[in-house]
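What follows is a pair of complexes built around subunit A, which joins subunit B in one and subunit C in the other.
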Partner chain A sequence: MPTLPVNIGSYLVNLCSALLLLTCFAIVAQRRLMACVDLFALQSGFLAVTATLVAYLTGIHHIYLAAILTIAIKAIILPRILKKIVRQLNVQREVSMYVNIPTGLLICGGLVILAFFITQPIVHLGFLLTQDSLAIALAIVLIGFFIMVSRQKAVTQVIGFLVMENGLFLAATAAAYGMPLMVELGIFFDVLVAGLIVGIYTHQIQETFGSVDTSRMKALKE
Partner chain B sequence: MPDENHVTLMVLAAPVVAATLSLFIKNIRTLHGLNVMTMVILVVADLVLWATVVREESFTALGNVVFIDSLSIFILSIVVGVGFSCSIYLWSYFDDEAIQQLVQPHRLWTFFPLYHVFLFAMIVATLANSLGVQWVAVEATTLATVFLITFFKSRESLEAGWKYLILCSVGIALALFGTVLTYYSSIRVLGEENAALNLTSLLPVAAQMDGHVLKLAFIFILVGYGTKIGLVPMHTWLPEAYSEAPAPVTAMLAGVLETVAVYVVLRSKSIVDQAVSPGFTGNLLILIGLVSFGTAALFILIQRDYKRLFAYSSIEHMGLAMLGFGIGGPLGTFGGLWHLLNHALAKSLGFFAVGNIFRRYRTRQIHEVQGMAKVQPITAIAFLAGGLALVGMPPFSLFNSELLVITSLAQMTFQFDSFHLGRFLTITVSHEIRSLGIIMIIVLFAVALFGGFIYRLTGMVWGTPPAGVRQGEAWHIGQLPLALSVLALVWMGFSLPTQVEALLQRATDVVIGR
Partner chain C sequence: MTTILFLALLLAYACGMLLPLCFPSRPHIQNVIAHGSASVACSLGIALGLIGLLASEPLVWFWSSSIPLLTFSLRLDSLSAFFVLTISLVGLAVSVFASGYVQEFYGRIPVSLLGFLYNGFLLSMLLVVTADNAFFFLIVWELMSLLSYFLVVSEHEKPDVRFAGLFYLIMTHVGTAFILVTFLMFYQETGSFAFEAFRSADQALPEGLRTLVFWTALIGFGTKAGIVPLHVWLPYAHPAAPSHVSALMSGVMIKTAIYGLLRVYFDFLGGPFPWWWGFVVLLVGTVSALLGVMYALMEHDLKSLLAFHSVENIGIILLGIGTGMVFYAYDMPHLAALGIIAGLYHTINHAVFKALLFMGAGSLLYATHTRNMEEYGGLLRRMPWTGLFFLIGAVSISALPPTNGFVSEWLVFQGLFLSLELPSLFLKLMLPIAAALLALTGALALACFVKAFGISFLALPRSPHARKAQEVPVPMRVGMGILAGLCLVLGLAPAVVVPLLDRVSEPFAGISIAGRMFEMGGWTLAPVSGEFSSLSTPVLAIILVGLTGLGWGLAYVLGGKGKTRFYKTWGCGLNVTARMEYTATGFVQPIKRVFSTIYQPTVKLETEFLEESHYFAKQRHFEFSIEPIFLKYLYHPILKFFSTLADRSRVIQGGNLSLYLAYIFVTLVVLLVVMG
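Moving on to the complex of A and B:
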């Protein structure tokens, strides 16, 4: 059972959530695809640590299971699949982006403020332990969304989606100490399948277009 | 009477068994046979469950995992009904493609397992008690359909599939945030328990839940599932995916998947409406419905591709249904639900016909298709009927449901309230907007739409057929779904069968929470 006082526990949870947010910014600022994948794996690691902390401090056991699955699927399996894709496709860097890096970072800063602003009226309903994590979680979701729309490479778009998923998982852990077990398992399953599908798909795109640059997809315009 | 637990289990197990078997069967005829047989089982099971709902109002099965009431049975009937006609159509469609050697037989070995998984996911989304499981199932439909959309593996279809995968995954992720927020407010009331996302536990206590959280949750849910429904401005994947996918898949996407996504939104609406004034969800739905309707009507005017024409018509009809649900009340909701059914029938009819046309003419350009009346007389009649139904002409039942929605709009008195998003962003809509103004706009768009649609359809049906296109069309089993859909639309246009009307009535009560 928990031996830490609640306020120290709360600090630790906040610290971990903040580290998650920090890795988001690092992904936004990173052009090298391999490094993006590594950063995503690191972020998933921080997420698992946050979940373990919450599980330890609250004594709710099924969050441990979620933490283990996070490590297994998001920190090990999916990064491996993504790295394999990057190696096969032989693209190392994102050369052109729709938004350049400094502007992107500024926009993400704005998104964090927006997230705190939106969640402000509802955080007081939350648990003391994880009160501030909900805003951070929404910020991560929004930044993931931004990564998806601002990058052109299929792999980085997928990383954006997975970052969004991490944000959602943090939200579920922070706001409600995790979703019901059945739902949680379903979500992990969906994420894993999505990763596999993307693996097959990028391969097909590469074969057909000779590039994974989605900006080359121009045939279907109004 | 059979036990409802067993029947429910059968509904869930049939597609799973079919998907597993399809992985191992290599004979094409057996694959088609298995598909049709699965659909027959589903239709029968659906009717048994329908009878149970008529008797018991609502029930849970398989230990609270499944919750079935009139609304879910109504949606399930659309799923299995359209699924059944699609399975018959699939048979003739792929036989034809195989004869023309455009589809290698072994490609069907990957088609059918995915198709059954897609069906299974939609059935789970319809029957699940938990909002979380509904989310998982809707996401699974996206994953299952990606490779169905890219089945022909052309450049364009890969592009459309990628756009579909990315946009729908993002949308669905936002919907998950909405679901998390719903859970956040429900455990305040219910405590931390596994059932706190179940409809059976949420509905009785919804009134005690925190209104602000639920408002925020509903916005995320509407945007998220709205992407799947294809509401403007989240619709950009839809015309591409619909025009690149094989016709039977498009029929399922347009007829069934959209309906299921609407169902999930309606479930959230009925919860949120209890905690906040119904004006909140209603106004959001009216706004997004009107925008979708108007935008789609304008885009229909400039289409040169007949598959895209029908795709935009889907956006337009979903907008209209959303308008009905937004207006709410017994009339608007009834109209909206009935419109879902009519649209599912008419749109699957439309895409079946479109599939026939494409297989003969091998082009999707409207101006290159002429003289259908001579080339494919049976398809031409079905195509014309589908087109007339989709622009809301009598005697087809879409006319009736559209009229219901517009009538409910006329009866509505606007009580807009303002809502706060954060501290200083407040959105208020004036009381002065009168419903008549909106009706004027809708009718104007409807006229534009009518013109755009009919002008193109008649151009395709009459005229001289281009050289090199084989003329004449024999009756075969693949025409049966077309005939049945036309028949059903006309029948409901004249008189709605009493059982269907009763089910619709009770489903309406479920949505408005009576």
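Moving on to the complex of A and C:
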């Protein structure tokens, strides 16, 4: 049984969620690809901590397993794969973006407000422990999506996708205290496979277009 | 007992599909196994059909499945049994024929694959007419369409075959979509996909929905049947397929649509329906019959010609059924039964003679390697058996006594003439007009087959192909012979056929009329009374044979001993060559002139004169084409509309990944804001 008072536990969960959100902003502000990958690993670490906290506070044991898998796959294996790709492709920096960094940060701020605005009516229905996490999770999903839209390099788009995934996982943990174990395992497996496939495809894009700049794929249009 | 029979039939088809795959690169063994199994399965199918037709209660088989809403339930009532019988009869003859015909494809097309598709196609048709669950029906219907598509594109290395296949695939799916809608409306009302629920009267559909069902079923099944103006795929797809497959598609597959229409209209919708339903079906039938035969006349590709004749004959079948529907709407069960019987009779007749003619066309293709009639000629001497069988088929389709086509068309006519018993003045006027148009159709069909037979088989060979033609192998002749015999049997024995058909129409019309349709101990067919009209084909046949014999006898007696002289045809001192012969184009020239409003022909004649004098032509180039009005005025505008729409909407397809992501993103955010 949890020894922490519930309201302190709730603060801690909110703190961790906020840290997740903060890393999102850091990724948006970061140009260097290696740093982006590191930030993603850090975010996954925070996610694992959040999951552990929730598991501890609620006493639902299978969330521990999810936390361990998060560390293993999202904080260790996937960053390694991504770093390997970055090294192989020899692209270090995102030179041009569709939206410059200050504007991007402002938009992200807007997205956070939007997320809180949307979740407001349903927040009261949620569990006490994770009230604000749902809004934060939605904000992370939206920012992840925004990263995919605003960046041109395939690698950063993958990172955007993975950030979205993190957001969804946070939402699942926060709103429903985790999904059934089988579903979680399936999702982890999916993410891993997606990472591998994306790795191969990025390589193919590089071979075909001489760059991982996806805006060059316009050439595929008739 | 019947279950064992049915399982044996399934097993035979399974053998035909799978066993040939076990003998890679041995086409002969594959051929024998595939078509042998199909023949066995079809023989079992004939037995099953007869049992089902004679049984007093419908036979039912049922297997549940783990998929929701889907049960593999089959029901063999008299209507299903009739179609099982038709499919199996034709299937048997075609399978025998195919075992010879397929030799043509050795080394070009994998025979095992062809056998797999062929057996699967036959089986799927059988399941279509026995399925007792809408979900299951749609699955086998789709299976039938897809398998026939793959068979159509057997020779996919030719671009026009690929085009024909694509055209067929699109049209058949349009039709399937409408059938799907039909069944979904039933599902919505009854909450079940079982045909049993559709059938039950206590869950009858509201009036508006019934009308909608009428239209969707007519369009959906009509696309498969090839009614005008949904027939456009038929003259492309049927000729493109290998001939034995064309025989099945044209002879049998399009009949599954007739089955579907009867099932939906009489069995599911049941009850009295408005008279105009029958009138619409009549109208569609008349237009299809007339336009089908008119376009057939202009075709010089033998298989396309036959394909257009399928449109015509579907029209005649619908004329019979439409008459039945009109009488049914006015609660005149005797005449309704007569109309349905006429339609069904023509269904089996058309299946038999059309498959026969397609096999004949296949034999000509096999022997000459061309489908163009202008390159045939003089084949009767070289291929006497094929010629004889083709002639029997041609006589049948032209509805001449004493063959089967005559009997069923006569019955259709009777139904139309009996319209004078209808209470509605409008219909009293309309039905005789339909009868007149049907008569015109019959005359044009006769002209068409005089052309088809005369140009192909008589006179001198028009090309080296025809000169070198040889009689086809025995299995092909046997296959054609079976159906040629059936043409005569079905024509001479209406006394046997009509009572069987009566069992089919009885549940729908609610009355059995077989007992009163015959006079003079079963020798004469008299739909209402002997005074109104009666027909006895056996007597007619005897008279015809007798008169022919009499003519010969008189000629022999009066003409004395004729000396036979072998000498060149009289030709003004010139050597007679094939170039002097009547061509197919020339033959139809008068008809083309008469109906030029419909054909809108374009004739192009370019003459290149000698430099010395303008009275002598050096070279002439003649081109002639008729306007495919339905393609031009109906299908092209639709196509154009959609391609313009697609072009317009291509603007949003920027080709940039981020742009696509942004679309999704913006949609998501907008939805969140609006809905939140």
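We adopt the following convention: the second predicted complex is superposed on the first by the 219 of 222 C-alpha atoms of A that agree within 3 Å, B and C clash if a C-alpha of one lies under 4 Å from a C-alpha of the other, contacts with A are read in each partner's own complex, and residues count from 1 in each chain.
Simple rule for what comes next: a residue touches a chain if its C-beta (ideal position, glycine included) is under 8 Å from a C-beta of that chain, and two chains touch if they have at least 3 such contacts.
Computed from a prediction, not measured in an experiment: that's the story for all the values here.
Annotation for the three-chain superposition on subunit A: subunit B and subunit C clash. Using the contact criterion defined above for the overlaid structures, shared-chain residue A:Val183 touches subunit B, although it does not reach subunit C. Once the two complexes are laid over each other on the shared chain, residue contacts for A:Ala171 go to subunit B alone; subunit C is not touched. Shared-chain residue A:Val193: touches subunit B; no touch with subunit C. Residue by residue along subunit A, subunit B and subunit C are tallied for touches, and B comes out ahead. Contacts of A:Ile118 after superposition: both subunit B and subunit C are touched. Contact with subunit C, but none with subunit B, is seen for A:Tyr98 once the two complexes are overlaid on the shared chain. With both structures placed on the common chain, the touch criterion links A:Phe145 to subunit B and to subunit C.
Using the contact criterion defined above for the overlaid structures, shared-chain residue A:Gln157 touches subunit B and also reaches subunit C. Shared-chain residue A:His61: touches no atom of subunit B or subunit C.
Only one segment of subunit C in 79-87, 97-105 or 151-159 runs into subunit B in the superposed model, and that segment is 151-159. With the contact threshold set out at the top, residues 117-118, 121, 145, 148, 157, 214, 217, 219-220 of subunit A are in contact with subunit B in one structure and with subunit C in the other. Of all the residues in subunit A, the ones that touch subunit C in their complex are 98, 111, 114, 117-118, 121, 142, 145-146, 148-152, 157, 214-215, 217-221.
Residue ranges of subunit A in contact with subunit B, taken from their complex: 60, 117-118, 120-122, 125-126, 134, 138, 141, 144-145, 148, 154, 157, 161, 164-165, 168, 171-172, 175-177, 179-183, 186-187, 189-190, 193-194, 197-198, 200-201, 204-205, 208-209, 214, 217, 219-220, 222. Those residues of subunit B that touch subunit A in the shared complex are 130, 132-133, 135-136, 139-140, 143, 146-147, 150, 153, 155-156, 158-163, 165-166, 169-170, 173-174, 176-177, 180-181, 183-185, 187-188, 192, 194-197, 210, 212-213, 216, 240, 302, 420-423. On the subunit C side of its complex with subunit A, the touching residues are 653-658, 661-662, 664-665, 668-669, 672-673, 676.
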